[in-house]
Amino acid sequence: HEEGLIFEQGQAGRTGVDLPLPPAVRSRLGGLARKGEIGLPGLSEPQVVRHFVRLSRRNYAIDMGLYPLGSCTMKHNPRLNEKLARLPGFGDLHPMAPLSTTQGAVELIGTLAHWLKTLTGMPAVAMSPKAGAHGELCGLMAIRAAHEAAGEGATRKRVLVPESAHGTNPATAAYCGFNVDAIPATEDGRVDLGALKAKLGPDVAAIMLTNPNTCGLFERDIREIAEAIHSVGAYFYCDGANFNAIVGRVRPGDLGVDAMHINLHKTFSTPHGGGGPGSGPVVLSAALAPFAPLPWIVERDGGFELVEEPNERGDGAQSFGRMTAFHGQMGMYVRALAYMMSHGADGLAQAAADAVLAANYILASLGDVMTAPFEGPCMHEALFDDRFLKDTGVTTLDFAKAMIDEGYHPMTMYFPLVVHGAMLIEPTESESKESLDEFIAVMRRLAQAAKAGEVDRFAGAPFYAPRRRLDETAAARKPVLRWTPPAVAKAAE
Amino acid sequence: MRYLPLTPNDRRDMLAVIGAPSVDDLFRDVPAAAVLDRPVDLALHAGELEVERTIAAMAAKNRHSGALASFLGAGAYRHHIPASVDHLIQRSEFLTSYTPYQPEIAQGTLQYLFEFQTQVALLTGMEVANASMYDGSTACAEAVEMARRVTGRKRIILSGNLHPQYAEVVETLARLHDTDLVLNAPAPAGDEDLVPAIDKATACVVVQYPDVFGHVRDLAPIAQAAQAAGALLIVAVTEVVALGALIPPGAMGADIVVGEGQSIGVGLNYGGPYLGLFAARAKFVRQMPGRLCGETLDAEGKRGYVLTLSTREQHIRREKATSNICTNSGLCSLAFTIHLSLLGEAGLTRLAALNHARAVQLAEKLEGIKGVTLLTQGFFNEFTLKLDRDAAPVVEALVEAGVLGGVPGGRLFPLRHDCDDLLVVAATETNTDEEIDRFAAALTKVLA
Amino acid sequence: HEEGLIFEQGQAGRTGVDLPLPPAVRSRLGGLARKGEIGLPGLSEPQVVRHFVRLSRRNYAIDMGLYPLGSCTMKHNPRLNEKLARLPGFGDLHPMAPLSTTQGAVELIGTLAHWLKTLTGMPAVAMSPKAGAHGELCGLMAIRAAHEAAGEGATRKRVLVPESAHGTNPATAAYCGFNVDAIPATEDGRVDLGALKAKLGPDVAAIMLTNPNTCGLFERDIREIAEAIHSVGAYFYCDGANFNAIVGRVRPGDLGVDAMHINLHKTFSTPHGGGGPGSGPVVLSAALAPFAPLPWIVERDGGFELVEEPNERGDGAQSFGRMTAFHGQMGMYVRALAYMMSHGADGLAQAAADAVLAANYILASLGDVMTAPFEGPCMHEALFDDRFLKDTGVTTLDFAKAMIDEGYHPMTMYFPLVVHGAMLIEPTESESKESLDEFIAVMRRLAQAAKAGEVDRFAGAPFYAPRRRLDETAAARKPVLRWTPPAVAKAAE
Amino acid sequence: MRYLPLTPNDRRDMLAVIGAPSVDDLFRDVPAAAVLDRPVDLALHAGELEVERTIAAMAAKNRHSGALASFLGAGAYRHHIPASVDHLIQRSEFLTSYTPYQPEIAQGTLQYLFEFQTQVALLTGMEVANASMYDGSTACAEAVEMARRVTGRKRIILSGNLHPQYAEVVETLARLHDTDLVLNAPAPAGDEDLVPAIDKATACVVVQYPDVFGHVRDLAPIAQAAQAAGALLIVAVTEVVALGALIPPGAMGADIVVGEGQSIGVGLNYGGPYLGLFAARAKFVRQMPGRLCGETLDAEGKRGYVLTLSTREQHIRREKATSNICTNSGLCSLAFTIHLSLLGEAGLTRLAALNHARAVQLAEKLEGIKGVTLLTQGFFNEFTLKLDRDAAPVVEALVEAGVLGGVPGGRLFPLRHDCDDLLVVAATETNTDEEIDRFAAALTKVLA
C-alpha cells in the first residue's frame, strides 16, 4: 500500500469532527467573510487515524533502536514527562491568565531555573529561548547589550568561532550583526590556543566555543581560553549542545563561561518530535545577567515571581528586550524538570559518566576496523574519519546508508567539517551493553564488507527502507513544496 | 536508576575493553580543579510516584481554563482538540524521531510536513509555506528580517494594533541592525491608517489580522500602497481559526503571512510550545527562513519527500544562512496537520462560524452592561470593551466569580496607561451558553 | 534485529522503576517470607519501552488497514473513548468505595443500561458479564433459573443450536449443563424451520440463534422461530455478535428474543486489544429479568441505584447469583457509552446501514471472480466458499495467507462450518469507499492469480510478514508454554 | 458524522454496483413489521466536546482514590503504574488488533503472551500458566470446574476466608452441576482449619492467600492433606504484589493457582476490566481453560509463537471445550507484562517490601486506638480491625475527613451480621506518612 497525501483522499462534505450548528446570529465579520473555498480535503476520523499511523510506520525513532546521531543526543524519552506536561494545570493554562491563577506555573519555571543554575554553577538564566539556536542568539544579544552598555557596541564586531563549530554558531553571530572569524583546530582536534591568542584584540566581542567540542573532545585549555578572552574584555559563549557529557560532574561556571544555552531536548530529554519543539534556556554570568531578555523569574521571599516588563524594583531595566511572546516553552520545562528530578544530582552525574563510557566503548571496540582521527579518550561521542574506506569505493554517505539496511539510523556524517568524511557516533547513556555490542558487531561487519569490496551493498543502499535514495538535487532544482490539485497542476504545465 | 541500563558489571567490563582504570580517567582532559568531587546541591534521584506528586502539586496550584469559564485570547485561544490528535502525536515513531535528515527512514515526518505546508498555504491564500517556526511572534520577526533582505531597505512600519509582544520581539531583533522602526500607537477603536507612512525607504508594513483588539480590516489598500512603494506587506494572524471565516490575507495582496498555529491542535500550554506559521509568495522562497520539505523521486522512481533548499539553512550555509533557526516546532506542526485534516473544509468553516457566533452572542450580552462600551464592530471571535474603570481589578474580581474574563489592556501595554480601561475578550466553541450568562452576570455585578 | 524475550535481556539488579527504600519495620509476614528468587529479569525503562514498541510493530491492527474478519466486527476505535475511560473519576475508582462516593459511576452504568434497553427494545439488562461468551452463559443461566422456578429444571435439558453457530454457543450450553442438539441449515443458509419444529418438545430449554446469522444472512423466519420456541415453553436466546448489522434499525425485542448478549467490543467498538478485554451485557425479556445476576442497576426516583445483594425491596430475590466479583467492565462501559452518544440514534442506524452496504458492495464486486454460496443480499458480512479455487491447488488457508502479503489481515475462514472452505468478510462501516475499492482490487487480483495457476505464491505465503507460516502442529505436540533458563532447559533434556 | 467515511455520493455509487434501489432494500429479509421507521428514542449524534462534557460530569461526581487518602483493598488495590505502561498499551498495533489467530502478523501479541505466561508461572511458583481469564473471581470458578474435570468428584470445599464475592461466583457456577459445596463460615481471627473436612469425595479445596482478612498462612499442611485424599489445592491470590514478599503457593504444594492481576499494570477501574491469572501443574495443561501461547518455528526455522492446544477451546471443540471463554483480558495482560518487566526481580521485591512496611506502620498506628482491635497478626499489606461498633457508618464518617478508611465487613458479608464490626484495611506504596497520620487521627476522632 502506498499512502497518498490527505489531499488525495479527501471528498467534499466529509469531516472528522462533529460540531453543532452555530446559533443564528447577525454576522459581524466587517464585510470580510471568506467567499471561495479554502481547498482543504474532507476525511473521516478513521481515515485520518489510519493515515497518520501508516505514515508513522515509515519513520525510525529512538523507541525503535539505537540512534547514533552525534551531537544530537537521541536518548530515552520517558513517558512520565509526557503525562505531566499534559496535566490540565499546565496544558490548559492560558499565558495571559491573571498571575494570581498561575502561581504553580511560575513555581515550576522557578524551580527549573534553580536546577539549571545549580548544575551549571551560574547565577542567572534566561528561560524564554525556544531552541538551542534561539538560545545562542539570546547569549550573543546579551553580550552585545553588555558591550553597548560599556560604550563599546560600535567597536566590538568580531566573534571568534572554531572551524569545527555547529553551523548555528556562525549563523547566529551573523544574524546578530557580528563578523565571524574562524579559529583553526590543532592536530589533536582542539582549539589552537596560540592561533586564538593571535586573533584577540579590542574589537573582539566574544568567542563561541562548544565544550566538549564537536570532535567529541574536551577542550583541555578551556580555562586558559576563558582567561585570554576575558583579558581583552570579550565574553565566552559556550555552545551547550554537548552538556550531556559533563552534567553533574563539571560546572561550566567553573570554567569561565559567561553564557551557555542548554538544549532541554538534548541533555534533559524533551523529545525531538521529528524536529522540535525544543527549548534553549541560557545561563548567564553576573556580568551578563542584567541584560537578559524578559520575562524573568525572580526568587523573592522564598517564592518565585514572573517579571514580564521592567518594574519599579528595577527588574529588567537593562534587559535587551523580548525574544518571544509569552513565557517560553512551558511544556518543555515540565518535561525537563521531571527528567531532572527523576535522575537527581546523583543520577545526572551517572548519566554523563555512562554516556562517556558508552562512547569510549564504541571507540575502543571499533578502533581496529575503522579509523579515529584523534588519540586518547573521547567524551560522549566517538569520532571516526573515512581513512578506513580509502580505495574501497565506499563513501561515508554510502556507509551511513548501509546502516539503514542493518536496522539503524545513520550516524552524523561529514560533521565536524575539520575531519575528512567524518562519522560522529553518540550512543548516549540510554543504551544497554547488549545494545552497544549488537551495534558494534554490525559496524564491524559493515567495515569488513567495505574492505572486502562489496561496493554494491553500499552504493545502492538502502535497499530495505520505505524508500531508496531520494533525488535531493531534483528536489532543489525545481522545488515542489506543496500539493496542487491535478487539474491546476496540469493547467500550469 | 530506571533510565540507565548499564549495570556495575557492564561498566567494569566496558572499562576493561577501553583499557581505562575508571570512568574518572575518561574525564582526564577536564581541568582537575573543575571536576566536582560530589553531587551538586540538588535532590537525589526519585521515583515516578514522588516526581509526579511534586509536579502535580504545582499544577494543582494553577486555575486552568477548563476549571473556570475562560474568555481569554490576545494571541492564544482555547479550542477543543480531538483526542486522536494527542494520541497520534505521541506515537513513538513521531515523538521520538529526529529531524528528517535521512529521508529514506523519515518519510512519515516528511510527508506530513509536505501536507502541513500545503495546508498553511491554502489557509493563508499564499503560494508556499515553510515547515514551521517557533511561534507566531518569532515568525513575525523573521518575516521582517526577510523583508529587509528582499528589499534591501531599513524602514519597518508596525501597526499599533499588532500584538504588543510581537512588536517587542520584532523591535528586539531589529535593534541588531541599522533599522528605522516605526511603531504606531495602539488604535483600540480600529481607526488606524497605515498608508500615509509608507514610502520608498519602507521595507515592510506589518499588520495583524484580526488585530490585537479583534478588528478585521480590508488589507487590500495597504497591500496596494506597499507594493506601489516597493515594500512588502506582512500579515500576522494570531487566531488561525479566523481564516476559516475570513478572506485570506493572500487574497488581499499580502507578500508574507505569518501566524500562530496554536489554535489548531496545539493547546494553551501557558505560552509554549507553540507553532509559527510562515507563508510567502513563491518568488521569495529562496529568501525564506526555516526548513522546507519538497517532493522528489527515489532511485526506483517512487514519489518521496526530502528537506530541500537547505542552502538557505545554517547547517549548510553557516554565516550566510537566511536565519539561525534549527530545531523548529515539528511535533506541533504534526498536531496542526492532524487536527486540520480532521476538520477539513467542512469542519473548519463550521468551527469558524461557531466561534464567530459565540463571540457575537457574547458581545451582544456584554455591550448592554452599564459601564461597558464595545469598541470592535467588525470582528471574528474576539473584541475589545472599554470599561468605565481600570480593567485589571475587574478581571481579578471576575476570577472570584469563576470567570477568566479577558485580558486587560494594562497587561498588554503595561508601559503606557491609555489602555488600562480596555478589556480584550474572546469566545470560542468551548464556551457554553451558561458560561456566557455567567460572565455577563458577573461583569454586571462587578461594574455595578 | 530479532527481538529476544525479556528474560533473555535481563540482568540482575537492574530495574525499570525507582522505589524508595522501605521504612524499617518489624516484619509481620507470619513466617512466610519468600526465600528464593522469583526469577524475574531486570530491565531498565528504555529497554522495556523499546522491547514493546518493537513487538508491537510485528502486529497488524485496524489502525493500519482494513481487517475483514467476519463476525469479529473490527471497526474504528475512537481515541475519545480511551481518554474518557482514563478519567480519574472512573479509572481510579475503587469497586468497594462507599456508594456515596461513586454516584457518577452508577449513573454511567445506568445510562448505558438505558441505551442498551432502548436499542434492543428489551425491558432489562444484566450488565456484569465480562465478554460475549460470559454473556451467553448469563443468558442460559437465567433461562435455566426460570425453568427451575417453574419446576421444570430437571426436565428441560436440551438446547437447540444451529450447525452454523459460533463455537461459544454449544460450549456455553454444555458448560451450563445442557445437552446440545444441532439444527440443520437450509439450502439458502438459514435455519430449517421444519427441522426445528420437528425437534421441539417439553424437554427443550432454549434455542441459541445468531441473527443476522453466521452466514451473514437475516433469518427471515425469525418471528415464526420465536413463536414455535415459545409455544413449547422454551426461551429464545439470541447471540448478539452480529447486532452491528441492525442496531438502530431493528430491535431484537420486536423479534421475540428473550435474551441476547451484546458484545460492547464489537457493536460499540471498545477495542479488541489483541484478545480482550470485552464486555457482554445481556438484555432480558420480562420473563427472564427476575433471574438476572447481581449486581443490578435499578432506575428509581429519576436516579440509578446499584443493587449488590438481594435487598428488603425485593430486588434480586430471584437472582441466579453472581457472575463476577465487583460490577463488571466499567472501563468498557465508559467507552461504549461514549461511542453510542457520539453516534446517537441517527448515527447508529446509519452505521448499520453503511456496514450492510459495504458488505453487499464487496459481495457484488467480487461475485464474478469468487463464489458465493447463497443468493440475495447479505447483511454486514459477505460469505464466499472455495468453489472458485476448485482444481487450482490453492486452499482457503493459502488464499488467506496470500492476503497478508498484500497488506491485509485474512478474512475469517472455515467458518461457518456449513459452507465448504468458507471465507467470511466483514468490512464494517469504518471503511471508506476508496479503501473498499482497494481491497476489492486486491482480492480480484488474488482470485485471478489462483485461477492462473500461480500456486507458489499461495502455498508459500506469507512471504512478507514478520514470520513465515508457523508450525502449529509441532507447537501442540510438545507444548513449550513458557521460557526456561537455558541451563535448566539443558539439564531437563 | 466523524466516524463514517461513506459520503452520500459513495452510497449512491455503491448501490448502483450492487443493483439495489436503496439501503432499505438490502434489509428486505427483515420482517417488515420489525423495521423501525424512525430513530429510536435516544439522543442524536454529538460532537467530542459535548460527549466529553457529559461523561466527564459523571466522572466528577465520583470521589476517586487519588482525591482522598485511600486504604481500600478487599480484592482490588491501588498501586502506582508507570506512565510508560499506559502509553505502550495504547499503541495502535496492540490496542486495535484482534486475537492472534493469524500468527504471522500477530507476533507482537503472541510474544508478550508467552512472556506473560512465564511471568505468571514464576510468580506463583507453578509450571504453566494460561494467557489470562476475565478476572480473579472467574478464574477461581474455572479452577473449581477444572478440578471437577480432573478428579471426577463433586465435593468442593471453600475456605470461609475466600473473598465472599469469589465464593459467590464459584457457588453460582457450581449450582449448574451436581455439586456438594462446603462453604465455611468466615474466620476473621484466622483460625480456620480446613484439613478435617477433606475426604476422598473432595475434588478441591479453595484457599485465599493472603486471605480476605489479610491473614497469611502456611498452605503446605492443606496441600498435603488434599493430595493425600486425591483432591486438588486451589489457591486464590487477590493481591499479586504479595508474591514479591511471600513464599509462592506453588512452593507449598498448590495444584492450581488463580489470581487477580489488577494490582500490576491494570488499575482500579471500579472493578473492571481486570485480569484473571491462571497457573497449574504441567500435567493438567490439557484440562486448563482459556488460551495458551506456545513456542514453535516458522517455515524458515525462525522462532515464533502461536496459540496452541486449541483443541481445548470452544472455537474448535464446541460443546467439548474446557470452558466457554473466548475473549479474555489480552490488553490487561499486556499492561501486566509491561509493568512487571519494568519492576523485574529487584523492583517487585522492593515494591512488596514497601507495601508490607506501609501496612505495618499503619497497623501500628491504628491498633493503639481506643475501640480498635487488630485481628490479623501475620499479613502482607492488608489486615482486619475489629471495632467497638458497626464499621459502615465509621467508614462514611471517615470520608468526611478525606479518608477512604477500608471496607466494612458488612459490605463483604451483607447477609450475615457477625462481620458488621469488622474493617478490612489495606496500605500500599501510594500511601504517604501524612495519609497514615490523617487516617489514624480521623479514626481516633470518629471512635471517640
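Note that the chains are named A, B, C and D in the order they appear, and that numbering of residues resets to 1 at the start of each chain.
In this text, a contact is a pair of C-beta atoms (placed from the backbone, for glycine too) under 8 Å apart; a residue touches a chain by one contact, two chains touch by 3 or more.
Chains and their UniProt names: B, D = Probable glycine dehydrogenase (decarboxylating) subunit 1.
These numbers come from a predicted model, not from an experiment.
Across C-D and B-C, it is C-D that has more C-beta pairs touching.
Inter-chain spacing, taken between the CA centroids of chain A and chain B, is 19 Å. Rounded to whole angstrom, the centroid-to-centroid distance between chain B and chain C, based on C-alpha atoms, equals 46 Å. If each chain is reduced to the centroid of its CA atoms, chain A and chain C end up 48 Å from each other.
Counting partner chains per residue, chain B shows two or more touched chains at residues 1-5, 7, 10, 45-48, 50, 52, 82-84, 86-87, 90-92, 342, 429. Residue positions of chain C with contacts to 2 or more other chains are 12-20, 43-47, 49, 53, 57, 61, 63-64, 76, 78-80, 82-83, 342, 430-432, 435. Taken as a contact graph, with one node per protein chain and an edge wherever two chains touch, the assembly is complete, since every chain touches every other chain.
If you check the complex, the residues on chain B that touch chain D are 2, 48-49, 52, 80, 82-83, 87, 90-92, 342, 429-430.
By the touch criterion given at the top, residues 1-5, 7-10, 45-48, 50, 82-84, 86-87, 92 of chain D touch chain A in their complex. Chain A contributes residues 1, 9, 18, 44-47, 49-50, 53-54, 57, 61, 63-65, 76, 78-79, 342, 407, 430-432, 434-435, 438 to its touches with chain C in the complex. Chain A meets chain D in the complex at residues 11-20, 43-47, 49, 53, 78-80, 82-83.
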